[in-house]
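So, here's a batch of structures to check.
Both complexes below contain subunit A, partnered by subunit B and then by subunit C.
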Partner chain A sequence: MTLVHFSFCSAFTLGLTGLALHRAHLLSALLCLEGVMLSMYVGLSSWPTQISLFSFSLVPMLMLTFSACEAGTGLALMVATTRTHGTDNLHNLNLLQC
Partner chain B sequence: MIYMVSFFMVGLVLGLVAVASNPSPYYAALGLVVAAGAGCWVIVGLGSSFLSLVLFLIYLGGMLVVFAYSAALTAEPYPEAWGSWSVVGYVVAYMVGVVTWYVVEGGVEEDGVVGLAGLEGYVVRGDWVGVSLMYSWGGWMLFVGGWVLLLTLFVVFELSRGHYSGSLRALE
Partner chain C sequence: MNPIALSMILSSLALGTILTVSSNHWFLAWMGLEINTLAIIPLMAQNHHPRAVEASTKYFLTQAAASALLLFSALNNAWFTGEWSIMNLTNSISCTTMTIAICMKLGLAPFHFWLPEVLQGLNLTTGLILSTWQKLAPMAILYQISPSMNTSLLLLIGLTSTLIGGWGGLNQTQLRKILAFSSIAHLGWMASILPIMPQLMILNLIIYLIMTSTLFLTLKTISSTKISTLATSWPKTPTTTALTLLTLLSLGGLPPLSGFMPKWLILQELTNQNTPILATMLALSALLSLFFYLRLSYSITLTSSPNTSNSPLTWRHNSKQPTTLLSLMLISSFFLLPISPLMMS
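Now for the complex of A and B:
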């Protein structure tokens, strides 16, 4: 395992652990998802140079496109939550269910 | 060169530790900015200048600005930075985890790519050619990507506009 593999694999695992555990705000969860996406982008960008197959370089671009969709939808959900509940604390979503 | 790229790889991991240790969203966004900047340096050190430019302009300049703007919706009276005790506990736990994994793995090998592809080379590299393939052979995938972005625009409108027929409506 080279340093590139170790760094982006540990970054991916850290982001996933932070997403799975102890989230106070919805925006914190979205930021952890973005960190996971960033580590995937770095990992996918390191592949074409390591195997010298440069036609693979468009895969990180497409992944960035779909992650932009994910970020936009997540932020729209956060705005909707803020408008209905006044805050985006995840504990508040259990209160006053209607 | 190899030391600089290794430094920014460590910076990438430290940025993710800063995001994942559950600080307030202001500071988590700051940690993600650090991680994205370090990621730009890592990618350009590996020899992909166009992908690094895309990460810098699109990701750091476009998406993270929206995230930093959205942090205004999560205002807290007492925001927690990395000086709070709970956050410090998570930072220490994550650092111990990463170092343990490093030790269990038995260190890392030397990478042949980082030393070869220095910043002193050409500006236009192979990844420019690879990305340009998206506009010729990958045309349908480009079309799908653009269509998905347009669809996401309407999804965002429908989620957050608060119309009586949208997803955000008053219950009668």
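Now for the complex of A and C:
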């Protein structure tokens, strides 16, 4: 396991742990999701340089595009949640619980 | 909704699933899943009431986390083996995280908590799309990576799903939550047969799709979302109401109906593979599901016309909804059992 591999794996794990445990506000959950996607960007863009496969270099850009779309959707949902629930506190999303 | 936007969204939904099903590269499969997730969110949030927005937020968070985990497993596999093809998922850690990611996408047992809540917040059409069309892409990935997966993990997930699907549905009065738990139980059956005989998983998926769409379309025709409104549904469409009894029994898996076929073949295959304890527990957990299906069929059919009903009667309108698809699905959810020898050959 190289240093780059270890660093993006640990960044991903930290991001996912943050998403699972530290999500009092929707904004912090979205930020954790962004951190996860950026760690994947690092991993995807350093993999082709590791094995000198430069035809793969477009893929990190595609992933960044999709993660930007995802972040936009997340922010739109945050606006919608704030308009309907009054706050972006995730503990307030309890209308549908069993 | 604006028809242009609606056509855009529906074609993106179709595009996402087709991209995932037909791709050979992990990145393209991930792109398809992302397109799917992003395309259904406007459909979910189109009514601006708080429940819909809450459901779409929960759906977005779980699906985004699951697809990030999926891409991460594929990337890890590429770092270890240098291989991006879906068939060649050989690293064992990547395989386990991939299984977890797909289970989270589908709503299998330890990761199922989002499914009843999300389904409860949607209208019946979007719920139909969520519980049928959205299952296809993760199931296709699961089918493709099934040879390299951890058998005991999948069996454990399958058994937990059937048990939780049975127990969870017992205490519900909301039909969409009951349908969500029934979906969890059926997916548990699919997950437990997957490492042994993947073709049976496809068969079970097809039958499940047919039966679930029948039930959703019936509920849409009689426009009821609670058990209490089921009891007064007989004046609206008497024939459909009577046939819903058979649909529910088919979902429960009783013999002359087509829902029996996958359960029968799965139990036979599990017994052939010398796992009688697993087969027994699966069969017993089907009884739990059967209990709430029977409760639904009691309130929808056995309280009809000659009996007294405790619910207030509703106004009778002529239904203007198209029923062609409903009748097709009804017929195929009853009468597919006799062609099971054809499917086995």
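By definition in this document, the second predicted complex is superposed on the first by the 93 of 98 C-alpha atoms of A that agree within 3 Å, B and C clash if a C-alpha of one lies under 4 Å from a C-alpha of the other, contacts with A are read in each partner's own complex, and residues count from 1 in each chain.
Going forward, a contact is a pair of C-beta atoms (placed from the backbone, for glycine too) under 8 Å apart; a residue touches a chain by one contact, two chains touch by 3 or more.
Please read these numbers as outputs of a predicted model, since none were measured by experiment.
Q: Please work out whether A:84 is in contact with subunit B alone, subunit C alone, both, or neither, and reply first, second, both or neither.
A: After superposition on chain A, A:84 lies in contact with both partners, subunit B and subunit C.
Q: In the superposed arrangement, which partner chain does A:45 touch: subunit B (first), subunit C (second), both, or neither?
A: first
Q: Count the residues of subunit A touched by subunit B and by subunit C, then name the partner with the higher count.
A: Tallying touched residues of subunit A, the top partner is B.
Q: For A:95, select first, second, both or neither according to whether it touches subunit B, subunit C, the two together, or no partner.
A: second
Q: Take the contacts of subunit A with subunit B and those with subunit C, and give the residues found in both.
A: 5, 19, 50, 62, 66, 69, 73, 77-78, 80, 83-84, 98
Q: Report the residues of subunit A in contact with subunit C in the complex, numbered from low to high.
A: 5, 9, 12, 16, 19, 26, 29, 33, 36-37, 40, 43-44, 47, 50-51, 59, 62-63, 66, 69-70, 73-74, 77-78, 80-81, 83-85, 93, 95-98
Q: Quick check on the complex: what are the subunit B residues that touch subunit A?
A: So the residues of subunit B in touch with subunit A come to 6, 9-10, 12-13, 15-17, 19-22, 24-25, 28-29, 32, 35-36, 39, 42-43, 46-48, 50-52, 54-55, 58-59, 62-64, 66-67, 70-71, 73-74, 90, 94, 98, 101-102, 105, 108-111, 113-114, 117, 126-127, 129-131, 133-134, 138, 141, 145, 148-149, 151-153, 155-156, 159-160, 162, 167-168, 171.
Q: With touch defined as at the start, can you tell me which subunit C residues reach subunit A in the complex?
A: 27, 31, 34, 38, 41, 45, 48-51, 53-58, 60-61, 64-65, 68-69, 71-72, 75-76, 78-79, 82, 116-118, 120-121, 168, 171-172, 177
Q: Touching subunit B in the complex: which residues of subunit A?
A: Touching subunit B from subunit A are residues 1-8, 10-11, 14-15, 17-19, 22-25, 27-28, 30-32, 34-35, 38-39, 41-42, 45-46, 48-50, 52, 54-58, 60-62, 64-66, 68-69, 71-73, 75-80, 82-84, 87-88, 98.
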